[in-house]
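A, B, C and D are the chain letters, set down in written order, and residue numbers restart from 1 in every chain.
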Amino acid sequence: MAERELELIFGPQHLGMVGNLSISLNVEGDTILSARVNPGYLHRGFEKLMEYRNWIQNFPLVCRINMIESEPVEMVYAMAVESLAGIEVPERAHYIRTMIQEMSRLSCHLTAAWAYTSILGFDTPAQWAMGDRDYLLDLFEELTGARVYHIYNMPGGVRRDLPEGFEDKLLAFLDAVAGRLPDYNSTFFENRLFFERASGIGKISAQDAVALGGTGQVLRGCGIKHDIRKLEPYAAYGDMDFEIPTREGGDAFSRVLVIRDEMVQSVSILKQCIEKMPSGKVYEKTPNPFKWKIPKGETYVRVESARGEFGLYLVSNGGNRPYRAHFKTPSFVHGLVILEKLLQGANIADVGNIMLSLYVIAPEIDR
Amino acid sequence: MDKLVGLLKGIFKDTDGESLGKNRLRVTAPRGSVLAVLDYLKASGFYQLKSISCVDWMDENEFELVYHVASMESPLHLMVKTRIARDNATFPTAIPIFKNAGIFEREIHELFGVEFEGNPDLAPLFLENWKEIPPFRKDFNMREYVKETYDSIPSFEEYQWQKEN
Amino acid sequence: MDRNNLIKWLKEPKKMGNKYSLWAVYFSTACGVIEVPPVLTSRWDAERFGIIPVATPRQANLFLITGYVTTKTLKAIIRTYEQMAEPKYTIGFGSCPINGGMYWDSYNTIKHLDKYIPVDGWIAGCMPRPEAIFIGVTKLWGMIDKGLATGYIRYRENYDYYRGNQEKLFGSMEWPPLYTLKEGTNDG
Amino acid sequence: MTNNKTTTLKEAKGSILTPFKAIKYLFQKPHTLRYPFEAKEPSLRYRGFHLNDWEKCTGCGNCADICPNQAITMVKIEEIEAKPGRRNERPEIDYGRCCFCGLCVDICPPGSLRLSRDYIHIDHATNSFKYIARDEKTEAQSFVPADTYSVLNASLAHRKADYEGFVSDLNHCLFETERVHMPEVEAGERKLSFMEQVIGYNREEARKEAERCLECKLCEEACPAHMKISDYIDAIYEDKPDESMRKILEDNPLPSICGRICTRHCEKVCSVGIRGEALAIRWLKRYAADAVRDYKKAVEQAMPEPTGKKVAVIGAGPAGLSLAYFLRLRGHNITVYDALPAGGGTMLIGPPLYRLPREAIERDVSYIESLGVEFRFNTKVGEDVMFEDLLNEYDAVFIGIGTSKSRSTGIKNSDKCVLALDFLRQNKLGKGTKVSRRIIVIGGGNVAMDVARVALRQQNIQYPGEETEIKTVSLEDWDIMPASDDEIQEAKEEGVQFNPAWGPEEVVLDDEGNIKGLLCKKVKSVFDENGRFAPTFYEDQKMLLEGDMVIEAIGQAPDFSFIPEGLFKELKFTPRRKVDVDENGMTSIPKVFAGGDIVNTNLDAITAIADAKRAAQGIDNFLRKED
């Protein structure tokens, strides 16, 4: 270590750190020479826990991998089990799943907006974002019975049908959010100050983004139109009309604007869901949980979470519980590979900024 | 998909490809040719390594490494698999082919104990002061470990009771 | 301010000060933290209760342990807790720190938080809703009033026990004891 | 909205003043909730703390089994009386484990476990987080009405009454409520012959039905013989009929018989049956017995060292056969005496061929024979061999004679009637009786149904295409008719006519002494206020049922005539005229044991097997003590 170099441990208890993660920075002055992310503060060994629980008992477990957005996790697990066991999901369940995926995307993006705005010092939109998200949580609660861990996308469909009058409440919420977006724009997304604070920060080239395994906003912020919802439509996304917003810049600013545009798309998808919602049953009964065995096999399923590709590699050896489950979470590469790369040469002041623009969520890294 | 399998089989005699439903292809290769297969796949458009999974087939005394690779344009997702011996498991690193392979290898090294030759950074990722066998191995009895480690620590009531007696 | 409280303020300013300025240490220990931003922002507005997040443990007197605690986090929690100035209060969120919760058989989470640091109150739920957090705070007020929120005193007086358990779990500790250990009273 | 070109300053198109647009919110009402002064209700589906209806809860423990966190333990509650189908255990939930997923609600078979919308419990003691779930029905003091409820006091002991949240829904529950349909021969076809009515499950159907079992084992407690039901059903699910057979034969040597005619105490308490259709336990047993053609090969029963002791068994019915089996497996030498030409006893003569074919009985009997039990058929004790000789010759004697004598109504001209057991015997063992075109059956029990349906088949065989009729007369009205609902339904389908709540008074004869009909009077009540059988009639309401043949099926009695009078005096009876036995199955006569219909009041095969199991243990102890 040169004389002026210094090792600086950033987090887990730090005001600039969102989530329980720590980064050790090798700095010279306030320029970061290299960074090393130190995860594991939230490691619970999910994939091992899953090997000890049967197919149904895993269903309430998996959503805990990501507290901000539990739906994609439930979704990949349900899809993986359905694909291994050969279960057909009713049409209406597909639509409800699409709906709840988008609600969850919206909620996650609002959380991101809260975190990002507050770390950049835009307190007004931060308060709005969290407040708006809370109304969405009310809707989640109405639909699923819980605010955070919904435990709703079950192998075989969804757990309960829509409650009465839910569509109207959701529409009212969507209108309110859509009406608020111009205010978000004027105070934040189109605010000159935001441009100054985020533009050029954490810049990554398209080649690097692909080579390092980036997905989601990291790719779309570099102009690559990549979205599992279009690439390999699951649930009812094949029937939905929406666009993949992209930006060319590759920096924090572009990634955040992609998030903003995705919220607009989400609102539109949700409206289409309500419009096209078919009738019928929402749940195909799965076998008795105590006796359910799934034939030997393996599968990889993936969905587009708010942060990028969320995948699950699930292996069954013909038993009543998974033999091996391995989650491919977007934050794993974003947080451990791309973040380390982007921090090189950045300033200490930008650590939180870069980390949040990559949308890194610590429990998803650790699992 | 079949074309790709045909091509692969043409170049690498001992590989085998099998479709696993829509857009999923499983390529099984022996230890020696996995990296060459990956290299070939990268050259033919599968730029991104999504993840590396490891499966512990204890009864067969083997680990299975699964490389998930995908292209950006097509929905095809490939799982390149190979089996390696479980005792003193070693495998060459894939960093020269995929830059982000290192972190997955580091995770597998910690959780399964597979040694990746050529990977410069195999420090523990999640765990601190881990003294048992790697926890994701099938012969690691988690519930037993939990009982020994956490339940043996006395509760405050037990402590007070002990102090008084 | 409630007029009835005025007399209390005059009589016991210290206690009332403690009560109405619970400053929470900014540390997202686990998943329960997802309900903290709503609590702090406009819809629920915890500042009505005098709760604000603060940057360093030195300024804080309230520690919210939001959910499961892994061994690695526990180390950080203990360090943070020991840095907080007295009087300090801890609240455990959700099932996991009480008896393991969802992760009762996980190899990397501790099952009973009160074996390692003292906890003044537990809030049931997975996760506790903002409402429950507020009721939790009012209960903590009640405990402070009655002089029951004495976790930090327990920690000081039984430091041997807590430190002993910590050492048992971590092997060696990387920092010196906060209080002097009584020798021979507890060796594990 | 999207501009895909590049990131430039153009993106930030607002002027430096645009953020001030937000000032408009200054003039809007804040959306901050004044909680806790302003309540916010959780949603109708909220998953909060548990509620458990103790009256509905059966203590089955499925909630504890499904819980991924092992948060639920079943604790014994002394104040609840345990009985078959209802354990005195109730779930205790640890809120230091619970994740509020609600799987326990979705698996709860009676739907007693629900989640409420309460969620606040704050305490400094961790042990207060363990909670035996109750609801307002049994613990009113903890559930206060909404007007006295205060959120500031909320805890597990201060909850809102009538505050259900997430509740069970049969369309979304985790068990299958519908039984796999059992294929049967249609009424129109089956009434023409004695072909077996029930076709039986095939392999797929059996596995599908077996999969519904939740393994709570309430059935095993209700089964008189305590068969290992969930184990053998699981073996069927695993597609291992041999293993299933091994489990069955541990407690029941008559699978083929019981698989067809068992009275199913188990299915009455089946968890799944509380809100859905009970598991078809009997048909699954039948499937196992049919799938395993050769019990001996499948089971590979190991035989113990012979003890040299000899036991005589009187009666080769379910009790006698089972006793012989259980004792043989303990190494004793068994000889079974029976007056009939083959084994089976009541099973041989009672259940009609369309219910229980001869082959089914033979398979069970021949398996017991193959283990080395000696059978002396066509040997009536008291005539061909003397009871006293048996007592002298053998180390122990077991009486399992059942009820072999039909009771008669004793009304005027009843000597012209046919007795039920005689009728059934001739139709099962003999060539069949000549029947007339218009038959009246007296009785409303299962035997009466059997008789009516056998007679109907004989009519259809003897008078094909001609008009015939079968009428039954019973004292009991529809609501208290002792025959099972299935039997009544099937008899109706086949065309049997019912005359409930009529009592026979006289068999009316014509001048030549042939039966002309049955004179009946209307029943006022069957039981007196103490629930004892004491029928009363409206003497002025009478009716003549026309018919030319009357069969009496009003009950059976045992025939103890083989016991010498001196000994018979020593035989003690219970107040309900049953042979009194001790906990070893021994009667008041030393070394004489008894079981079956002469001992129990259930009067079915499975209880006879249970008696035999008890007596076998008793005899074994008795014989070994002698040494």
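By definition in this document, contacts are C-beta pairs under 8 Å (C-beta built on N, C-alpha and C of every residue); 3 or more make two chains touch, one makes a residue touch a chain.
From a predicted model like this one, the values you see are computed outputs, not experimental measurements.
Touching chain B and chain C at once are the following chains: A. Compared on C-beta pairs in contact, A-D and A-B come out with A-D as the pair having more. The chain with its C-alpha centre at the largest distance from the centre of chain C is D. Per-chain Cα centroids separate chain B from chain D by 52 Å.
Averaging C-alpha coordinates per chain places the centre of chain A 23 Å away from that of chain B.
Between the CA-based centres of chain A and chain C the separation comes to 30 Å, rounded to the whole angstrom. In chain C, the residues that touch at least two other chains are 42-44, 72, 102, 104-108, 112, 114, 126, 129. Residue positions 31, 42, 68, 99-100 of chain D are each in touch with at least two other chains. In chain A, the residues that touch at least two other chains are 40, 43, 45, 48-49, 52, 60-61, 64, 131, 149.
Taken together, the chains touch in the following pairs: A-B, A-C, A-D, B-C, C-D.
On chain B, the positions that touch chain C within their shared complex are 126-129, 135, 140, 142-143, 145-146, 149-156, 159, 163. Across the interface of their complex, chain A is touched by residues 20-24, 26, 47-51, 53-56, 66, 68, 72, 75, 77, 79, 98-100, 102-103, 124-128, 135-136, 140, 142-143 of chain B.
Interface residues of chain A facing chain C in the complex, by the touch rule stated above, are 12-15, 18-20, 40-45, 48-49, 52, 60-61, 64, 67-68, 111, 114, 126-128, 130-131, 133-134, 137, 147-149, 363.
Chain C makes touch with chain D in their complex at residues 42-45, 48, 95, 98-102, 104, 112, 114, 119-126, 128-132, 134-136, 138-139, 143, 148.
Remark: chain D residues 30-33, 35-36, 40, 42, 49, 68-71, 94-100, 119-124, 126, 129, 151-152, 154 touch chain C in the complex.
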